[in-house]
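Sending over a structure as structure tokens; questions will come in a sec.
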């Protein structure tokens, strides 16, 4: 429980209303009740403001006059809400102490105040920093390291020679350090394996979503820099470099040797892969379901894909797409003919 | 083993042939032998009917005259086959009793006739209904519940505060309740975490495929309603609502705050995400690999994506697509010029 | 450590330089130092050749004259490097002997020199061949088999009645044999389950990437033939047949009943699914992010999808795509009018 005055101070907001009101939890604009704090960030929800029954709303000054209850006025309501959300943890049980139902190699070095859940296996020469938490059923291979204050959830498979920095969160069932996909056909067309001799380096403050995969490098390490956030079911191929503070949304996949600059945003379902290495500049945003087959040199927002329509229209349009070159040539021909007659 | 008469009764079919024939198993039209029952649902397989060596075939009346063997005539051969398939279980070993190699919190409540495999971890205040089966290596976090007769397979990570209804099936290695992907850049461009305080609610008779991910809500719960079927590698973002009896095929992903109505079918590889919440009406079918960036208000079948061609044609067509607006303006210009001359 | 002479012999290369030079490890052209062997396969890296500090480079004869250091001249530098990479293993700890923290059914048959990690569960009548390695937290269901010299990594869920051949590698957290996605709506629109009675057959020398899913067949087995390589997060639906020595890159998904011929290459993010079974001929290459909705009869390279542009251009072009049929008809109308005037 916090007073509005305390929360206003925490997020550096102008409080319009009563400082002594008590906030017990956060809620959505639509469903908030007395004692709840809510926020208006996405304009989509503006229609709900007038009717909210929250005790207070975090919002921008432009919305303040329409707020029927206490208002916490800020420049960036999303960011202010993020800070508030960190005050209202949910009651999640984290591993506390080291379960006896584990398999920890005697050469592993375990820091202070580490929590390790049941059925965790830790290999030779692993180093866990202070206050690290390892969820149940996670395995950590030989020579790998997890930095201070990182939390690896349940069912994660970390291979050997993987380095994870400090304050990272690895969600459940992710795989870090599996072999990169390196095969080359021999003269019989049989696929010969290229041994994957590199590792994976993950910086500080990185989040890896559930069931994501980050492959180890072929020769040098695959690299995920500080502050990167990966959503669920993201795939990072071997020898990729994901630049600091970039964000890759769900189901996005990077083929091998893709370098993403810092502060990029890749929306969901994006695929980046080429016949050689690709480079994406810093500050690039790529829209959902886009296929990127060439490097992008300039910051900006890029998009590919098509829009949906009813399926009958789509069938005709998609067929026309398969002859678009021909159509363009017919247009050029028409232009030529018309010019000849001028 | 069943007689044809018994099977005809079970699926309410008209039997053309001998009621006393014994059926030992089901098989495909092409490979069925004596003692096998097969079915003709997809017209693609009609060519195999004349040569089948099955003892009987489930089919529609229109196909009956071409059936060389006993026929079970029904209106809906797929549905009738589904019912028959349920008579011929495969011999799968399910957890029976509670393995001693588990880690079950003493505050957990376990129903009658529950089966729990080895290396399962169950957290504080978890409630498992009667006849629940939990496969090996599955973890269930604090305060979560699994309803009567549900079967959670191996390697599933269920976080805290997740509710799963009755008669559900969760296939292996899925993750339910991982943090939603909520980050917001601060003034330095560093991504601040929005704590994910909601949970996940899953109704009755839901199937979740292997390696699928359903994220917990930011404030309120992510919801999967009764009878929903999710295939493998499906991703459901935070605060989605998937309507009753909808079906999401493999590799489909929903960004945050997507609401799908009841009785929808999303084919494989579909991606639905927008800058704000999106709503898909009930009874909508979306074709494979379609990107949906706007809400869909009316029932019907929708499709996006492009068709494949040989790569040389595609290169030219795809380049033309990047200048399609210009081409359309050139056509408009031609129309204008031609009109001027009329 | 190997001498250049030894390596030249191993990969059947012409050595230009000093046979007695000692090679301690492999490295990239850019970062190689004395004692390192590197290779030039992708023309993208040719610019780095002149400045390399490696002790030797594997390359084609056309590049030999620009090589400032010892050269190993071969016809196929990628393939030669693959062979060399197999000489320089990384030091990965594999399960050695059978951990005592396992749950192995007494009816399981375990071959010679098998290694089984901690927290592995093995069901009734499972057969593990000689020298099989099973990583921690893997479960193998009843009646399944793993052939000689195969390595199943950590956290893999293998269901019942799955057959895996010899010398296979299954990367972490994959799922083999989960139920195929078979549901059919009844007259109320509720989805009835089609029991999945088949299994999965995987040949020899197959690689399955991390977090991939291969579903069991509805009636007959899903089949992955000899030498197939699957990358991470690949999905194979029920009753697919993946032909020998084919390669499916990351995030590619096959719907049910898709048959891929031998020696195919599916790049990343490809989706293949139709209303009936689809067949892809042998020797087909499909480019990244392509949707394949029809069978492909001839060998060759195919591609779908669109190219990215800046988002403003894309918005206009994508809207035009939704009226491409109309545009084509307008062009046809113009052609007609112009012809009338001739």
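A, B and C are the chain letters, set down in written order, and residue numbers restart from 1 in every chain.
By our rule, contacts are C-beta pairs under 8 Å (C-beta built on N, C-alpha and C of every residue); 3 or more make two chains touch, one makes a residue touch a chain.
Predicted, not measured: the structure shown is a model, and the values here were computed from it.
Participant: If you fit subunit A onto subunit B using only Cα atoms, how far does it have to rotate, to the nearest 5°?
Facilitator: 120
Participant: Over half shared numbers or under half: where do the identical copies subunit A and subunit C land at their interface, same or different?
Facilitator: Both copies, subunit A as well as subunit C, present different residues to each other, with under half of the numbers appearing on both sides.
Participant: Suppose each chain is reduced to the average of its Cα coordinates; what separation in Å results between subunit A and subunit C?
Facilitator: The computed centroid separation for subunit A versus subunit C comes out at 24 Å.
Participant: For subunit B, which residues are shared contacts with two or more other chains?
Facilitator: Within subunit B, the residues that touch at least two other chains are 119, 137, 155, 173, 211, 233, 251, 305-307, 309, 321, 324, 327, 331, 334, 338.
Participant: Quick one: which bits of subunit B touch subunit C in the complex? Just the residue numbers, please.
Facilitator: My answer: residues 25-28, 31, 42-44, 76, 78-79, 81-83, 85-86, 88-93, 99, 101, 117-119, 135-137, 153-155, 169, 171-173, 205, 207, 209-211, 227, 229, 231-233, 245, 247, 249-251, 262-263, 267-269, 288-289, 305-311, 314-315, 318-319, 321-325, 327-328, 331, 334-335, 338.
Participant: Could you list, by residue number, the parts of subunit A that touch subunit C in their complex?
Facilitator: The touching residues are 103, 119, 121, 123-124, 137, 139, 141-143, 155, 157, 159-161, 173-175, 178-179, 181-186, 189-197, 211, 213, 215, 218-220, 233, 235, 237, 251, 253, 255, 271, 273, 276-277, 286-287, 290-294, 296, 300-307, 309, 313, 316-317, 320-321, 324, 327, 330-331, 334, 337-338.
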